[in-house]
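Here subunit A shows up in two complexes: once beside subunit B, once beside subunit C.
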Partner chain A sequence: MAVSLSSVRLLSALTRSGSLCRSLHVTAVCCKNRAARPRVGKGDYPLTYEEALPPHYIGHRKGWLSQHTSNLKGEEGAAERTVEDVFIRRFVSGTFHNCLANEIVIKRRGNVIIVCAILIQKLTPQKFYFLIGYTEAMLSHLYKCPFKLVVQTLDKKAVYKYL
Partner chain B sequence: MAAHTSRAFLSLGRINVPGLGLHKSVSRVTYSTGLSTDSSKATTGSPQKGGKKVLSKKYKREPGDPRTELMPVDQDWTAVYPVATPFIPDAIPLPVRMGCPVKGGAPPEKKGNLELIKIPNFLHLTPAAIKKHCEALKPFCTEWPSALDTDAKCDEHFPIKVETKSYVSAGPSIRNPAARIVHLSVKLSSLNLNDQARKKMLKLVGDRYCKDTDILTITADRCPLKQQNYDYAMYLLTVLYHESWKIEAWEAEKTVADMEEYSWEGSLSQENILDVLVRMKEAGEGEGEEVREQLLGRREVQEYKDSVTRLKNEGENESTMLQYKEAVKKVLKL
Partner chain C sequence: MAAPMALRRELCSLARILSGISHLAPRALGVCSGHNKCNIIRSRLPSTSSTSFHTATVFSSITVTEEPDTLFQMVSVMVKGHDRAVLDSYEFFAKMAAQELGITINKVYEPPKDIERLTVLKSVHIFKKHRVQYEMRTHYRCFELSHMTGCTTQVYLEYIQRNLPEGVAMEVSTTAIEKVPDHILEPMWEDRPIDDKPGQ
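Let's look at the complex of A and B:
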C-alpha cells in the first residue's frame, strides 16, 4: 500500500513536471489488410508484376514462387521445406545484393533444388559466375542436396506499372 | 545477352560443379580506357579523398544478340532443351506473353517475366524427344512372353497377384511410411479346396472375400518393411489353406445355425408340407415312412423344395416369390 501511494505521488509529480510521462495512447483499430499491397504514389515509382499484384491474386493472376510436393494432401515435410525456402531466399538475396530484379523462384525435383533468379547487370559476368558457383556450392553443402542456380540477366527491371 | 546465354549452356550441362574454370574462353574484362566513350570524363575527374586515383568508367560489354536470332528453323530442339529446365526467354524463339494485362495494354512480354519461370514447362518433352528416349530404352527391354496373350491365361499361370505402391516426393528423404502396405489377391477357384474346406476358409477369412468376383484379398501392413509384409501375407495364405483342409473334432457339432446355405432335407418346411399332404389324404390310405417317401418323390413336392431353397438362399425378389407361389399352388392343388 505504502509503495503504491509513493509511486502515485511520484507519477503525479512527474506529470506536473512534464517530463518522463508515460501514458496510454489508444487509437481506433485499423481493420484493413495492408500486407504486400503497394500504396498509390505520384506515378513515378516502378513496380514489377510480382510487386504490383496483391496476395489475393495468387492462384488467379499470379503463380507460386515455390513449388514442391509436400503441400499436397497426405504428404509430409511441408514445414521443413518452408524453412529451407526462407533460408534460401535470404541467402540468395544477400549474396546478390541489389542485383536481383525480382523474387526468386524455387523448384524442387526429387532431391534437386533449382533456384531461378533474374539479375540486373550491375556486376561483371565474371563476378556473377563466381557468385553463382559460390551459392551453389554453399547451399549444396548446407543442405546436402544438389542445387542448381538458373540465372537470367536484364539491363534493368521489367516494369509492369508505375504507382 | 551473351552473359546469360552461355549461362544457359552451363545450367543444362553440369550436375554439381561450380562454374569457375569452364569459361576460359571469355576474355578478361579490364578497366581499359581505350574503348570507353567517356574517357574524357575519366581523365578530368578529380581524385577522390586522399589523393587516390579515380578509376575510369567500367568497360561494359555490349550484349550480343539473343540466341533466338541465331537459331536455324530446322534445328534439333532436343539439343536446346534436353532436360527439364526453367523457361529461358532467350533460348525459346516464341513470342510468348504471360500475365494480367495493364488497362489498354498487352500481357507482359517474356523477357524478365517471372510468371513464365514459375510454371513447369514441357519443352523437353516434344514428340521427337520422346522418340529418342524410347529408342534409348529399347535395348534394356525384353518382349512380353507370347504365350500369355489373354487375361485368362495370365490368371491361370499366375493366380496370386501382389499389389504394392511406392512414392516419390520432393525432398531429401525417399522414405514414405505408406509404401510398406502389401495387397495380395487370389481367386478361390484356383485353390484346391473341396466343399468343406471352402466353407471353412470362408468362415476364417470373413470380410476379406468378395462373393461377386470370388477374390480373396489379404492386406498386410503391420510390419515396417514391404518385404516383411509380403512374407507375412504369403504366410497367411499358406496357413489359411492348410487350416481349411484340417478337420477338427469339434467341427462335427455344426448346428443348423452355423450352416452357410439353407438345405431343405430335414428342415421344418419338409415336415410341414408332408404333414399337410398326409392330412389332405393325397397319398391315399396308409401311414408311416413309406408314405412320406412316396410323397417326397412326387414332382410337385420337388418343385416346392426347389422354390423354398431358392427363396431362403437368394432372398426375396420377384422371380423367387413367383416360383414359390406356383409351387405352392401345384402342391396344394389350388
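Let's look at the complex of A and C:
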C-alpha cells in the first residue's frame, strides 16, 4: 500500500516536472498520407520517375499528365475534361495492353487532343501503326474532334529507382 | 535568320487566310491604303519574292477597300496558366514576334498569382479531423501593346493564338479610337443664343 502510494506520488511529481516524463501520443489511424506514395520494399520492384515521386512534387519536380485550361481561374468545363481524360486513359491502356512504359500525357490545343505515349517494343511496328490508326480514328469519331497520337518507343521501361 | 523568315512565311499564309476570309464577308478585312503598318507589311513581301515561296498569288487575292481601318489605342493580352516557366517562354516568343512586326509594346507585367484552395476529408468514412488540402495556382502575364491598326491586331493575335501552348488561356481586351461625332464637335451654345435664364 505504502509502496503504491509513494509510486503514485512519484509519478505525479514526474508529470508535473514534464522533462523526465515520456507521455504517450495517441492519434487516430487515418493521419499519414498514403496517396500515390510507393512503400519501401525489398529493392527489386522497379519504379519509373513518374511513379516514384509523391504528388506534392507536381509543379516542382513533376509535370502535369493532363494539360488543359479548364482548371484555371475563371474557366469552366473541368468535370467534362476529367471524364474525357479518364476514358481516354482507359481506352489507350486497353488498346496498348502491357505496352505502355509510362502514363500517357493528354494535351488539348484548341479543338485538337494530342495524346503522347511511350511504348515498349513488344509488338511489330506494323501492328503498332495499325493500333495507332485505330485509336486515332475511334477516339476522333467518339469525341467529334481531331485526335493525334504521338508515340515514342523504348526497348524496355525506363527505371528511375528500385524499391 | 530562320526566325524572321519563318515569321514572313507565317505572314504570307496569314494574309492568304485573311484574304480568303474577306472573300466570304465583304467587310473591310483586307489590306487598306493609308496606314503605315499595312504598307510596311506589303513592302516587305516583294523583297522576299526571290526565295522559293510564291507571293504572286498572295498579291492577287489581297483586297483593298475604301473603309478606314479601326485604330486601337491599347490592346491588352492577358495570358494565364498553371506553369510559370511556360508563361516565361511564351512572353519571350510574343515579345520577339511583336518586335519583328514593329509593334510597340507598352509594358509587360506579371499580376500576382491566384491560389484556389479546397479542403476535403481524407477518408471515405468518418475521421473528420483529418483532411487533405489541394490548391490550384493560376499565374498571369499581361502584355500591353499600344497604337495598332485593326489589320495588324488581327494578324498578330492570330499568330499568337495559333501558337498558344496547351494549358494556357488568353484574354484579349482592346481600346479602340473613334472619330468624334460631328454633332459634338462644336458646342451647342454657339448656334443658338441662350433664351431662358437658369435658376428660379
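Assume the second predicted complex is superposed on the first by the 134 of 163 C-alpha atoms of A that agree within 3 Å, B and C clash if a C-alpha of one lies under 4 Å from a C-alpha of the other, contacts with A are read in each partner's own complex, and residues count from 1 in each chain.
Simple rule for what comes next: contacts are C-beta pairs under 8 Å (C-beta built on N, C-alpha and C of every residue); 3 or more make two chains touch, one makes a residue touch a chain.
Note that the structure is a prediction, hence the values are computed from the model and not measured.
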{"item": "More subunit A residues in contact [subunit B versus subunit C]", "value": "B"}
{"item": "Touching partner for A:107 - first (subunit B), second (subunit C), both, neither", "value": "both"}
{"item": "Partner chain(s) touched by A:87 [first = subunit B, second = subunit C, both, neither]", "value": "neither"}
{"item": "Partner chain in contact with A:158 - subunit B first, subunit C second, else both or neither", "value": "first"}
{"item": "First, second, both or neither for A:59, with subunit B first and subunit C second", "value": "second"}
{"item": "Contacts of A:73 with subunit B and subunit C, given as first, second, both or neither", "value": "second"}
{"item": "Partner chain(s) touched by A:31 [first = subunit B, second = subunit C, both, neither]", "value": "second"}
{"item": "Partner chain(s) touched by A:49 [first = subunit B, second = subunit C, both, neither]", "value": "first"}
{"item": "On subunit A, positions contacted by subunit B and by subunit C", "value": "64, 67-69, 74-75, 107-110, 114"}
{"item": "Partner subunit A, residues of subunit C touching it in the complex", "value": "80-83, 114, 116, 122-123, 127, 129-130, 132, 136-138, 164-169"}
{"item": "Subunit C-facing residues of subunit A, complex", "value": "28-31, 33, 35, 59, 64, 67-69, 71-75, 107-110, 114"}
{"item": "Residues on subunit A engaged by subunit B in the complex (per definition of touch)", "value": "48-50, 53, 57, 61-65, 67-70, 74-77, 80-81, 101-103, 105, 107-111, 114, 116, 118, 121, 124-126, 128-130, 132-134, 136-137, 140, 143-146, 148-155, 157-158, 160-161"}
{"item": "Touch list for subunit B against partner subunit A, complex", "value": "1, 3-4, 7-8, 11, 15-16, 18-20, 23, 26, 28-29, 58, 60-61, 63, 84-86, 88-90, 99-100, 102, 108, 111-115, 117-120, 168-173, 176, 178"}
